[in-house]
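Notes follow once the structure below has been shown.
In this document, chain identifiers A, B, C, D, E and F correspond to the written order of the chains, with residue numbering beginning at 1 in each.
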């Protein structure tokens, strides 16, 4: 059971690598059926890896708006796979390296993966791995082709691999041919009102009276901004000395919450 | 006989190089008349190589949609030629090399070929050999001209060569002059319903009742996606522990198959 | 009280770093409610930093027309935070360094910040940090991605960070993805007539008769140009030997002031 | 007599350099009046070289569609000139050299030419010498200017030079100023039906019944494709073991010939 | 008095640096009220520098058509300031230096200026300092940002600086942000008929009868071309052996003058 | 007298440098009033150089269609000046040098010129000195600015300089600012019928009957092509063994001449 699994996440996978946990700093709450379906489908691919014959790796791309929860989902799948080798490649982990050093780092991650019978490599926010900037546009063609090659290259006999990518710019990934280098792509959605409500209930920061008004205002807001707004609003309530924001007895002031939401989502 | 030849592929050419076999990880099934015709025409060129007088190499380009089976076809021809030297040049084999090292690698392959009385050089997915990316566009002009030169240069007296190219971007190859550097170009097609059915029969994954519905849904789907969908669907049937997917007694659930097909071919 | 705080700025924070003070060479006068509101909101973020759990830094961008007072505001918040580590990164402090040396400098600033329990890093005039020039456009992609990474990377356990950015070109920052790397953006406005009047009163350079005419002419003028014009006009009054311009007994000649204003704001 | 000369080509100039012969691997057949006229005009220039006073070299460009026979014509003129120094500069001979090494090679060829009383330098497929690719476009500006300089520079007293260029992209050569650096340009045409027939008669591959049908289909086909199609068709006749294709007793099957022609000229 | 000052220029400032004098090879004549007003305004800035508090330098840009006299004006102000440090940075003084050496040279000039209590740095023809060429456009982004930084950076306590820029391409300077890095910009005009007449009277090259016709023809002509035309015309009068052109007894032939003017101002 | 001077050119200036003579390999014939007027005007500038006071060099640009005789004219002026230092800078003399070596060469030429009391520097075909190619466009910005600097920089006290430029692309020179760096520009025209006739009379290659027909056909043809056509036509007359083409007793065949003219001027 998916929800069951979610509630047990922290204790159950204490052995999972540090950087997977850091990739989902708020843990993992239930965001509704749409995200759960994606979780299940990718978990099927995790199973498929185990039985695959020799050939290219199993590959899957998670795309969706910025802050919609793609990295958290990929990290959770990595943790839940219980595979001996799960590695996340992110721009932050390669910060400051030169282009060809980044290629070498990526190569190293895949070669390490090839040493394990079952592995997952998460390519997080692929546009950022390529140092992509829309103006120009600029990006590393060398890293692009390194990724294309590893998405296509067969691991050695006996080693099986799942490559999980995330992106908030699937249009760019199409243009450089990386979208089609993944066998399948799933779209991680923004929260709808009812899903936002579900999340708010789990976070337990509103009184029952306010929760509907809050959820209504959160329609199509990325879950990332939801966390930001809650933490900003908590200050304005004058409670900045109490460290724990979530599950507190005293609830958030809905006006402060709506003000912060407006500031954070303003189109400047 | 072509079909006859196909069924014997594995035993007959066990001596063929490893990377040719890896280039067609699913072996080679009969995809219908259209592909067979191309196979035959290229095999005539194989024969022609043997009698050619001194002059530029015999050259042929296989173009077609991504995943339509061009690489598998080229590898099969390489194997079936029984030539003493058959070499495949692919982006994966040159991964991580710098531009001029790639030129050196290509030069080495041709110079080795020149040492054999009859040789085949397969230039696989030429746009990728050039590190081509549509944005910009970016590609290696140096590698482009290296290929142009080897397509035109006469091997030494007594050595005869067939150069077989593959591409899924013939428009780009035209633009850089590589399309016309090949004497002849053949278009490898997507599977039509009746061809897809033929393939499904050979793979033996559907009950007789479902095979027509499956084939209907597969019209104009690349054979690559057909394999992907079968392997994904096999998981959803809850049979992930049984390693061999093809020719199994228990057949695929058609609904799972159609779901997976939809996911894999979705236009995201 | 905000205004109370303002008048005490100089004595109260004598310990603040030299370069913060140099970033607001005219001290900090009250510019009216609109700027004060921004000051308060950012001060809430300063408080929030103290209670934040592990995760990415708290981030905030101040945008607005050139000369509107963004740097002075950011410096004032840095001073008022009384945080043990407050560092301003500006183009001038990195003058003459090569691109990758600039990245190294920025990295050093963040790594130093990570050593302090509470820190503020001010990224001043981000477009200039990137050596941005509209023609081309030209800018450093390497520095862009260095900033993106530090805006997203979690400081080590126990260290908490506020990143404050300023820009007068939020359109460019959007285009390179830096605008959205900040959780919230506030717009620092130009002076309106009534705000200009308030500032002129504090600077005490006009007789009561002239102050309204001066303020009227200053509608939507950046505070930077206000200071420029006052200092130019003071010369034309033939008082160039008296060093102190502000709070002088003898007031400015309104005609000279209006002439200078016209010269300075002329659209050449 | 031109035709007389043609038939004697092989025996008469056995002493000519190897690479000139390799540049016309099929020898040199009579392609009709239009090509002959160009041959004669360029032979006048060959004569002119001998009497020229000191000054820039005599220069002539042969342009025309790809495969129309420009290189074969230039090589034939080089052979027929009986000049002590005749050198062909082609992309293949400079394969793998860096840009400035190519300039050095070209410089060397001209300096060697300057040592001979009468010389011919053939600049073959000039766009390829410049590593030209239409996309971008990309080409070597350094090589462009090296050629411009040698086309204009006077050889030393007593040394006389003819520079013969070939190109299938006169539009590009105009754009880089190389077209006008040649004193005169002649257009080498595609074969018309009657010219194709003349060639077929000399090659003696068709029965008298078929030759008109074949010639009709060959209207405006480059002579290069004519050779390609003949050699492909010869295989399909099932005669692949007989090495010599031309002047054979058994004639070509016209249907195979037309099929091959269609494949080779298909617009893919 | 401005005019008074002008007539005394040469004797009074014999101590001024050589390169300032070379920047106005014709000395400095009175060009009328419009230029005089600019001279006076900039001299106010010179005075302002002396009383300025710590902060960014006083900055002023002189823009106007090529040859209108901007450099001569800036050099004259530099001389008249009697400041201990007056330095002109021009493209000619940095000829042949590489980009970063040019930045180093500029840095050195400012650092030297910082050692003097009062200094003027003249940035002459800023577009040329940046190696600007309209095609492309091309220019040095590194030098651009070096200048931006020095226009904004505060000199050390006790050192005061005026930066005077000149440009004949204020549009370009706007585009790279340098126009707005100067506090105020003044437009140096072309000569109007009455101003041209004033200059001609001072140069004393025409008889009284011709001076009006000459002045009429000179409307909107840069003063630079006026000098060029006079010197050309003097040759055609057949007086080429008399070295001194100005203030001669024998006057210019008005027809020769008008011919030369037409040649020099022709729009070819 | 200009014509008088022309006929004496060869004997009178035998001492002139070799490369000036090579720049006008056909000597210098009278091309009519229009060219003569330019010659005279530039000779006035030559005189002007001698009396110039300290300041920038005298500068003059000769522009006009390719082959119209600009280089020959500039070389003739250089020879006729009898200046102790006359140097021609051409693309050919800098062939193969790298960009900055070319700048060094140009710098050396000017520095040598500065050592002579009177000098002429001819910048021949300036677009070629800059390695200009229309596609891109490409050209050396470094050489552009080197030239701009030397056109503006004052030679040392006592040394006087005339800079003579030639170009067949004044549009490009405008775009890079070089056109306006010259004080005056003269347009060297193509031959009109009557001027062509004058030239033909001097060359003495036609019978009196044919000369008008020939001249008619030569309207607006560059003098360069006139020489080319004469020399080509002389071959076709079957007189290739007689070395001297001009002033021969036997005249040209007008039909051969017109044929060659058509071939040479054809728009391919």
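Going forward, a contact is a pair of C-beta atoms (placed from the backbone, for glycine too) under 8 Å apart; a residue touches a chain by one contact, two chains touch by 3 or more.
For clarity, every value in this text was computed on a predicted model and none was experimentally measured.
Novice: Applying the touch definition from the top, give me the chains sitting in contact with each of subunit B and subunit E.
Specialist: Expected: no chain.
Novice: For the copies subunit B and subunit D, give the interface type as same if over half of its residue numbers appear on both sides, and as different if under half do.
Specialist: Different: fewer than half of the residue numbers at the subunit B-subunit D interface appear in both copies.
Novice: Specify the chain most distant from subunit D by Cα centroid.
Specialist: C
Novice: How many angstrom lie between the CA centroids of subunit A and subunit F, rounded to a whole number?
Specialist: 70
Novice: Just curious, how far off is subunit F from subunit E if you go by their C-alpha centres, in Å?
Specialist: 35
Novice: What is the distance, in whole Å, between the centres of subunit B and subunit C, each centre taken as the mean of its C-alpha atoms?
Specialist: The separation of the two C-alpha centroids amounts to 61 Å.
Novice: Which positions in subunit D touch two or more other chains at once?
Specialist: Correct list: empty.
Novice: Select the category (line, ring, star, complete, other) that matches the graph of chains linked by touching.
Specialist: ring
Novice: Going round the ring from subunit B toward subunit D, what is the chain order?
Specialist: B, D, F, E, C, A
Novice: Under the definition above, what is the set of subunit B residues touching subunit D in their complex?
Specialist: Within the complex, subunit B contacts subunit D at residues 41, 44-45, 47-48, 50-56, 63, 103-104, 107, 137, 139, 141-142, 144-146, 148-150, 152-154, 170, 172, 175-177, 179-180, 183-187.
Novice: Over in the complex, which subunit F residues touch subunit D? Could you list them?
Specialist: Touch list, subunit F to subunit D: 22, 25-26, 66, 91-92, 95-96, 128, 131, 133-136, 138, 225, 228, 231-232, 234-236, 240-243, 245, 263-264, 266, 268.
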